[in-house]
Amino acid sequence: MSTITHVNPDDLHKNPAFSQGTIVETRRLLFVGGQNGIDAEGKIEGDALQPSKQALRNVLNVLNVAGATQADVARLGIYFTMDVDIYAAYEASNEVWGDYPTAITVLRVAALGRPEAKVEIEAVAALR
Amino acid sequence: MSTITHVNPDDLHKNPAFSQGTIVETRRLLFVGGQNGIDAEGKIEGDALQPSKQALRNVLNVLNVAGATQADVARLGIYFTMDVDIYAAYEASNEVWGDYPTAITVLRVAALGRPEAKVEIEAVAALR
Amino acid sequence: MSTITHVNPDDLHKNPAFSQGTIVETRRLLFVGGQNGIDAEGKIEGDALQPSKQALRNVLNVLNVAGATQADVARLGIYFTMDVDIYAAYEASNEVWGDYPTAITVLRVAALGRPEAKVEIEAVAALR
(Lines give C-alpha, C1' and ligand atoms only; values in the text may rest on other atoms or scores of the structure.)
Protein backbone atom coordinates (compact mmCIF):
# COMPACT_ATOMS: atom_id res chain seq x y z
CA MET A 1 0.00 0.00 0.00
CA SER A 2 1.35 3.38 -0.97
CA THR A 3 1.77 6.01 1.70
CA ILE A 4 0.55 8.62 -0.80
CA THR A 5 -3.00 9.52 -1.78
CA HIS A 6 -3.22 11.09 -5.22
CA VAL A 7 -5.48 14.09 -5.76
CA ASN A 8 -6.65 14.69 -9.31
CA PRO A 9 -9.75 16.88 -9.48
CA ASP A 10 -12.28 15.86 -12.16
CA ASP A 11 -12.35 19.30 -13.73
CA LEU A 12 -8.58 19.77 -13.97
CA HIS A 13 -6.68 18.71 -17.07
CA LYS A 14 -5.37 15.16 -16.64
CA ASN A 15 -1.84 14.04 -17.43
CA PRO A 16 -0.82 10.47 -16.64
CA ALA A 17 2.77 11.62 -16.05
CA PHE A 18 1.98 13.44 -12.82
CA SER A 19 -0.59 14.04 -10.09
CA GLN A 20 -2.08 17.46 -9.43
CA GLY A 21 -1.66 16.86 -5.72
CA THR A 22 -0.54 14.27 -3.22
CA ILE A 23 -1.53 13.73 0.40
CA VAL A 24 0.91 12.24 2.87
CA GLU A 25 -0.32 10.87 6.16
CA THR A 26 2.74 10.18 8.23
CA ARG A 27 4.86 11.37 11.12
CA ARG A 28 8.03 10.77 9.11
CA LEU A 29 9.10 12.68 6.03
CA LEU A 30 12.21 12.27 3.92
CA PHE A 31 13.71 15.24 2.13
CA VAL A 32 16.08 14.26 -0.69
CA GLY A 33 18.48 17.07 -1.55
CA GLY A 34 18.91 18.20 -5.15
CA GLN A 35 20.68 15.50 -7.17
CA ASN A 36 22.76 16.63 -10.18
CA GLY A 37 23.45 13.19 -11.58
CA ILE A 38 26.85 12.95 -9.96
CA ASP A 39 28.22 9.42 -9.97
CA ALA A 40 29.95 7.68 -7.07
CA GLU A 41 33.26 9.26 -8.13
CA GLY A 42 31.74 12.75 -7.95
CA LYS A 43 31.68 13.24 -11.72
CA ILE A 44 28.88 14.15 -14.11
CA GLU A 45 29.21 11.95 -17.21
CA GLY A 46 27.60 12.40 -20.60
CA ASP A 47 25.07 14.85 -21.94
CA ALA A 48 21.87 15.78 -20.10
CA LEU A 49 20.15 12.42 -20.50
CA GLN A 50 22.68 10.31 -18.65
CA PRO A 51 22.79 12.77 -15.71
CA SER A 52 18.97 12.88 -15.65
CA LYS A 53 18.93 9.13 -15.20
CA GLN A 54 21.79 9.21 -12.71
CA ALA A 55 20.02 11.96 -10.72
CA LEU A 56 16.95 9.74 -10.41
CA ARG A 57 19.11 6.73 -9.52
CA ASN A 58 20.61 8.84 -6.75
CA VAL A 59 17.15 9.85 -5.55
CA LEU A 60 16.14 6.16 -5.57
CA ASN A 61 19.31 5.32 -3.66
CA VAL A 62 18.47 7.80 -0.89
CA LEU A 63 14.84 6.61 -0.84
CA ASN A 64 16.01 3.02 -0.55
CA VAL A 65 18.40 3.70 2.32
CA ALA A 66 15.54 5.48 4.12
CA GLY A 67 13.15 2.58 3.48
CA ALA A 68 11.02 4.16 0.76
CA THR A 69 10.34 3.63 -2.94
CA GLN A 70 9.20 5.93 -5.72
CA ALA A 71 5.58 5.07 -4.73
CA ASP A 72 6.16 7.02 -1.51
CA VAL A 73 7.32 10.23 -3.19
CA ALA A 74 4.95 13.16 -2.60
CA ARG A 75 6.80 15.78 -4.63
CA LEU A 76 9.55 15.93 -7.21
CA GLY A 77 11.27 19.21 -8.03
CA ILE A 78 12.85 18.88 -11.49
CA TYR A 79 15.14 21.66 -12.67
CA PHE A 80 16.72 21.81 -16.12
CA THR A 81 18.96 24.31 -17.86
CA MET A 82 17.71 25.69 -21.18
CA ASP A 83 19.92 23.46 -23.35
CA VAL A 84 18.25 20.21 -22.25
CA ASP A 85 15.71 18.53 -24.53
CA ILE A 86 13.03 18.19 -21.88
CA TYR A 87 11.03 15.50 -23.67
CA ALA A 88 14.09 13.35 -24.25
CA ALA A 89 14.94 13.82 -20.59
CA TYR A 90 11.45 12.70 -19.53
CA GLU A 91 11.75 9.62 -21.69
CA ALA A 92 15.17 8.79 -20.29
CA SER A 93 13.87 9.38 -16.76
CA ASN A 94 11.02 7.00 -17.30
CA GLU A 95 13.41 4.11 -17.83
CA VAL A 96 14.73 4.67 -14.33
CA TRP A 97 11.68 5.92 -12.46
CA GLY A 98 8.88 3.91 -14.05
CA ASP A 99 5.20 4.72 -13.89
CA TYR A 100 4.95 6.50 -10.53
CA PRO A 101 3.22 9.85 -11.00
CA THR A 102 3.52 12.35 -8.19
CA ALA A 103 3.15 16.10 -7.69
CA ILE A 104 5.90 17.76 -9.72
CA THR A 105 7.32 21.21 -10.28
CA VAL A 106 9.42 21.64 -13.42
CA LEU A 107 11.54 24.76 -13.83
CA ARG A 108 14.07 25.85 -16.45
CA VAL A 109 16.83 27.65 -14.60
CA ALA A 110 19.82 29.71 -15.68
CA ALA A 111 22.20 27.15 -14.19
CA LEU A 112 22.57 24.77 -11.26
CA GLY A 113 24.77 25.11 -8.19
CA ARG A 114 27.39 22.94 -9.84
CA PRO A 115 28.42 24.84 -12.99
CA GLU A 116 28.60 21.88 -15.39
CA ALA A 117 25.27 20.38 -14.24
CA LYS A 118 22.23 20.52 -16.52
CA VAL A 119 19.68 18.87 -14.26
CA GLU A 120 18.84 18.81 -10.58
CA ILE A 121 16.11 16.68 -9.02
CA GLU A 122 14.90 16.84 -5.41
CA ALA A 123 12.17 14.87 -3.64
CA VAL A 124 9.96 14.70 -0.58
CA ALA A 125 8.74 11.26 0.45
CA ALA A 126 6.56 9.79 3.16
CA LEU A 127 8.12 7.10 5.33
CA ARG A 128 6.15 4.47 7.18
CA MET B 1 -9.52 27.87 13.03
CA SER B 2 -6.57 27.81 10.69
CA THR B 3 -4.21 24.84 10.78
CA ILE B 4 -1.30 27.26 10.27
CA THR B 5 0.52 29.37 12.84
CA HIS B 6 2.18 32.42 11.32
CA VAL B 7 5.69 33.37 12.44
CA ASN B 8 6.70 36.99 11.94
CA PRO B 9 9.63 38.02 14.14
CA ASP B 10 9.39 41.55 15.57
CA ASP B 11 12.77 42.59 14.23
CA LEU B 12 12.24 41.34 10.67
CA HIS B 13 10.81 43.63 7.99
CA LYS B 14 7.03 43.21 7.81
CA ASN B 15 5.06 42.78 4.62
CA PRO B 16 1.32 42.11 4.86
CA ALA B 17 1.46 40.10 1.62
CA PHE B 18 3.32 37.16 3.16
CA SER B 19 4.50 35.54 6.40
CA GLN B 20 8.17 35.05 7.20
CA GLY B 21 7.37 31.57 8.42
CA THR B 22 4.50 29.18 9.01
CA ILE B 23 4.13 26.29 11.43
CA VAL B 24 1.98 23.30 10.57
CA GLU B 25 0.89 20.89 13.26
CA THR B 26 -0.65 17.94 11.50
CA ARG B 27 -0.13 14.35 10.47
CA ARG B 28 -1.49 15.10 7.00
CA LEU B 29 0.17 17.28 4.41
CA LEU B 30 -0.98 18.12 0.90
CA PHE B 31 1.54 18.82 -1.84
CA VAL B 32 0.06 20.66 -4.82
CA GLY B 33 2.18 20.21 -7.94
CA GLY B 34 3.26 23.22 -9.99
CA GLN B 35 0.25 24.75 -11.75
CA ASN B 36 0.87 26.58 -15.04
CA GLY B 37 -2.56 28.08 -15.41
CA ILE B 38 -3.75 25.36 -17.74
CA ASP B 39 -7.51 25.30 -18.15
CA ALA B 40 -9.74 22.22 -18.16
CA GLU B 41 -9.04 21.77 -21.90
CA GLY B 42 -5.28 21.71 -21.27
CA LYS B 43 -4.68 25.13 -22.80
CA ILE B 44 -3.02 28.27 -21.46
CA GLU B 45 -5.12 31.27 -22.46
CA GLY B 46 -4.15 34.93 -22.46
CA ASP B 47 -1.09 36.80 -21.29
CA ALA B 48 0.58 36.16 -17.94
CA LEU B 49 -2.20 37.62 -15.78
CA GLN B 50 -4.94 35.24 -16.83
CA PRO B 51 -2.68 32.18 -16.36
CA SER B 52 -1.59 33.52 -12.94
CA LYS B 53 -5.21 33.62 -11.87
CA GLN B 54 -5.95 30.25 -13.47
CA ALA B 55 -2.90 28.73 -11.74
CA LEU B 56 -4.24 29.86 -8.37
CA ARG B 57 -7.73 28.64 -9.25
CA ASN B 58 -6.17 25.25 -10.00
CA VAL B 59 -4.32 25.31 -6.67
CA LEU B 60 -7.61 26.17 -4.93
CA ASN B 61 -9.32 23.36 -6.81
CA VAL B 62 -6.78 20.80 -5.54
CA LEU B 63 -6.98 22.25 -2.01
CA ASN B 64 -10.76 22.02 -2.12
CA VAL B 65 -10.82 18.40 -3.29
CA ALA B 66 -8.41 17.58 -0.44
CA GLY B 67 -10.56 19.43 2.10
CA ALA B 68 -8.40 22.52 2.58
CA THR B 69 -8.61 26.23 1.85
CA GLN B 70 -6.01 28.93 1.25
CA ALA B 71 -5.93 29.47 5.06
CA ASP B 72 -4.30 26.03 5.35
CA VAL B 73 -1.44 26.74 2.93
CA ALA B 74 1.98 26.71 4.60
CA ARG B 75 4.08 27.55 1.56
CA LEU B 76 3.60 28.88 -1.93
CA GLY B 77 6.33 28.58 -4.54
CA ILE B 78 5.69 31.19 -7.24
CA TYR B 79 7.80 31.08 -10.39
CA PHE B 80 7.64 33.64 -13.19
CA THR B 81 9.51 34.08 -16.43
CA MET B 82 11.27 37.43 -16.94
CA ASP B 83 8.60 38.90 -19.24
CA VAL B 84 5.88 38.90 -16.58
CA ASP B 85 4.99 42.16 -14.82
CA ILE B 86 5.29 40.76 -11.33
CA TYR B 87 3.27 43.52 -9.62
CA ALA B 88 0.41 43.20 -12.08
CA ALA B 89 0.53 39.45 -11.51
CA TYR B 90 0.36 39.91 -7.74
CA GLU B 91 -2.64 42.18 -8.12
CA ALA B 92 -4.40 39.74 -10.44
CA SER B 93 -3.58 36.90 -8.04
CA ASN B 94 -5.10 38.76 -5.15
CA GLU B 95 -8.50 38.74 -6.83
CA VAL B 96 -8.42 34.96 -6.76
CA TRP B 97 -6.47 34.21 -3.60
CA GLY B 98 -7.62 36.98 -1.27
CA ASP B 99 -5.89 38.09 1.90
CA TYR B 100 -4.21 34.86 3.01
CA PRO B 101 -0.53 35.52 3.61
CA THR B 102 1.75 32.50 3.87
CA ALA B 103 5.44 31.69 3.52
CA ILE B 104 6.38 32.31 -0.11
CA THR B 105 9.36 31.85 -2.37
CA VAL B 106 9.31 33.90 -5.58
CA LEU B 107 11.78 33.09 -8.35
CA ARG B 108 12.24 34.40 -11.87
CA VAL B 109 13.19 31.46 -14.03
CA ALA B 110 14.44 31.06 -17.59
CA ALA B 111 11.28 29.14 -18.54
CA LEU B 112 8.81 26.60 -17.17
CA GLY B 113 8.46 22.92 -18.00
CA ARG B 114 5.74 23.75 -20.48
CA PRO B 115 7.38 26.01 -23.07
CA GLU B 116 4.57 28.55 -23.48
CA ALA B 117 3.96 28.92 -19.73
CA LYS B 118 4.96 32.12 -17.94
CA VAL B 119 3.98 31.21 -14.42
CA GLU B 120 4.03 28.15 -12.19
CA ILE B 121 2.64 28.00 -8.66
CA GLU B 122 3.00 25.11 -6.22
CA ALA B 123 1.78 24.76 -2.63
CA VAL B 124 2.08 22.78 0.57
CA ALA B 125 -0.94 22.74 2.85
CA ALA B 126 -1.87 21.23 6.19
CA LEU B 127 -4.92 19.01 6.28
CA ARG B 128 -7.01 18.38 9.37
CA MET C 1 19.49 15.79 20.19
CA SER C 2 18.73 16.88 16.66
CA THR C 3 15.26 16.30 15.29
CA ILE C 4 16.83 15.36 11.94
CA THR C 5 18.31 12.05 10.84
CA HIS C 6 20.85 12.43 8.05
CA VAL C 7 20.82 9.98 5.15
CA ASN C 8 24.05 9.59 3.24
CA PRO C 9 24.21 6.35 1.24
CA ASP C 10 27.64 4.67 1.21
CA ASP C 11 27.78 4.52 -2.55
CA LEU C 12 26.83 8.15 -3.21
CA HIS C 13 29.49 10.82 -3.51
CA LYS C 14 30.08 12.45 -0.11
CA ASN C 15 30.28 16.18 0.49
CA PRO C 16 30.62 17.44 4.06
CA ALA C 17 28.72 20.63 3.13
CA PHE C 18 25.37 18.89 2.77
CA SER C 19 23.40 15.70 3.35
CA GLN C 20 21.94 13.67 0.51
CA GLY C 21 18.76 13.29 2.50
CA THR C 22 17.18 14.12 5.84
CA ILE C 23 14.43 12.41 7.78
CA VAL C 24 12.14 14.39 10.05
CA GLU C 25 10.03 12.64 12.65
CA THR C 26 7.64 15.20 14.00
CA ARG C 27 4.08 16.45 13.98
CA ARG C 28 5.25 20.03 13.65
CA LEU C 29 7.00 21.52 10.66
CA LEU C 30 8.22 25.07 10.11
CA PHE C 31 8.32 26.55 6.62
CA VAL C 32 10.56 29.60 6.35
CA GLY C 33 9.66 31.76 3.36
CA GLY C 34 12.34 32.85 0.89
CA GLN C 35 14.67 35.38 2.53
CA ASN C 36 16.38 37.92 0.25
CA GLY C 37 18.74 39.35 2.83
CA ILE C 38 16.47 42.29 3.60
CA ASP C 39 17.44 44.07 6.81
CA ALA C 40 15.04 45.31 9.49
CA GLU C 41 14.52 48.54 7.51
CA GLY C 42 13.47 46.59 4.42
CA LYS C 43 16.67 47.31 2.50
CA ILE C 44 19.21 45.06 0.81
CA GLU C 45 22.69 46.38 1.61
CA GLY C 46 25.97 45.55 -0.09
CA ASP C 47 26.91 43.09 -2.80
CA ALA C 48 25.77 39.46 -2.83
CA LEU C 49 27.84 38.33 0.15
CA GLN C 50 26.29 40.61 2.74
CA PRO C 51 22.73 39.73 1.62
CA SER C 52 23.64 36.01 1.68
CA LYS C 53 24.66 36.36 5.30
CA GLN C 54 21.64 38.53 6.11
CA ALA C 55 19.32 36.02 4.42
CA LEU C 56 20.67 33.27 6.67
CA ARG C 57 20.43 35.52 9.72
CA ASN C 58 16.77 36.08 8.81
CA VAL C 59 16.24 32.32 8.46
CA LEU C 60 17.89 31.84 11.88
CA ASN C 61 15.68 34.56 13.31
CA VAL C 62 12.52 32.79 12.14
CA LEU C 63 13.86 29.43 13.36
CA ASN C 64 14.64 30.95 16.73
CA VAL C 65 11.20 32.51 17.16
CA ALA C 66 9.68 29.11 16.32
CA GLY C 67 11.97 27.33 18.80
CA ALA C 68 14.36 25.68 16.35
CA THR C 69 18.02 25.95 15.40
CA GLN C 70 19.94 25.19 12.22
CA ALA C 71 20.33 21.59 13.52
CA ASP C 72 16.59 21.16 12.96
CA VAL C 73 16.60 22.23 9.31
CA ALA C 74 15.59 19.43 6.93
CA ARG C 75 15.96 21.36 3.67
CA LEU C 76 17.47 24.57 2.44
CA GLY C 77 16.54 26.00 -0.95
CA ILE C 78 19.31 28.36 -2.04
CA TYR C 79 18.74 30.50 -5.11
CA PHE C 80 21.34 32.80 -6.66
CA THR C 81 21.37 35.03 -9.71
CA MET C 82 24.16 34.40 -12.23
CA ASP C 83 26.35 37.32 -11.10
CA VAL C 84 27.00 35.88 -7.63
CA ASP C 85 30.31 34.17 -6.91
CA ILE C 86 28.78 31.03 -5.48
CA TYR C 87 31.91 29.84 -3.64
CA ALA C 88 32.42 33.23 -2.00
CA ALA C 89 28.74 33.14 -1.02
CA TYR C 90 29.13 29.67 0.53
CA GLU C 91 32.12 30.85 2.52
CA ALA C 92 30.29 33.94 3.72
CA SER C 93 27.27 31.81 4.60
CA ASN C 94 29.38 29.48 6.66
CA GLU C 95 30.29 32.29 9.04
CA VAL C 96 26.63 32.68 9.85
CA TRP C 97 25.31 29.14 9.52
CA GLY C 98 28.21 27.07 10.82
CA ASP C 99 28.72 23.37 10.26
CA TYR C 100 25.14 22.13 9.94
CA PRO C 101 24.78 20.14 6.73
CA THR C 102 21.26 19.44 5.51
CA ALA C 103 19.51 18.50 2.27
CA ILE C 104 19.99 21.41 -0.12
CA THR C 105 18.83 22.46 -3.56
CA VAL C 106 20.93 25.14 -5.23
CA LEU C 107 19.58 26.87 -8.33
CA ARG C 108 20.83 29.78 -10.43
CA VAL C 109 17.80 31.79 -11.43
CA ALA C 110 17.21 34.66 -13.85
CA ALA C 111 16.21 36.94 -10.97
CA LEU C 112 14.38 36.93 -7.65
CA GLY C 113 10.93 38.31 -6.83
CA ARG C 114 12.53 41.49 -5.55
CA PRO C 115 14.35 42.97 -8.56
CA GLU C 116 17.56 44.06 -6.79
CA ALA C 117 17.95 40.79 -4.87
CA LYS C 118 20.72 38.36 -5.80
CA VAL C 119 20.00 35.60 -3.32
CA GLU C 120 16.95 33.94 -1.80
CA ILE C 121 17.07 31.22 0.86
CA GLU C 122 14.12 29.22 2.16
CA ALA C 123 14.00 26.42 4.74
CA VAL C 124 11.91 23.62 6.17
CA ALA C 125 12.59 22.64 9.77
CA ALA C 126 11.30 20.10 12.25
CA LEU C 127 9.96 21.45 15.53
CA ARG C 128 9.82 19.45 18.74
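All chains are identified by letter, namely A, B and C, in their written order; residue positions are counted from 1 within each chain.
Assume a contact is a pair of C-beta atoms (placed from the backbone, for glycine too) under 8 Å apart; a residue touches a chain by one contact, two chains touch by 3 or more.
No experiment lies behind these values; they were computed from the predicted model shown.
Colleague: Quote the value, from 0 to 180 degrees and to the nearest 5, of the angle by which the CA atoms of chain A must be rotated to coincide with those of chain B.
Modeller: To bring chain A onto chain B, one rotates by 120 degrees.
Colleague: In terms of residue numbering, is the interface formed by chain B and chain C classified as same (over half shared) or different (under half shared)?
Modeller: Both copies touch with mostly different residues.
Colleague: Give, as an integer number of Å, the spacing between the C-alpha centres of chain C and chain B.
Modeller: For chain B versus chain C, the centre distance works out to 21 Å.
Colleague: Going by the touch rule set out above, which residues of chain A reach two or more other chains?
Modeller: 27, 29, 107, 109-110
Colleague: Taking the complex as given, what residues does chain C use to touch chain A?
Modeller: That would be residues 7, 9, 11-13, 18-27, 29, 74-75, 78, 81-82, 86, 102-110, 124 of chain C.
Colleague: Report the residues of chain B in contact with chain A in the complex, numbered from low to high.
Modeller: That would be residues 27-35, 38-42, 58, 61-62, 64-66, 77, 79, 107, 109-114, 120, 122, 127 of chain B.
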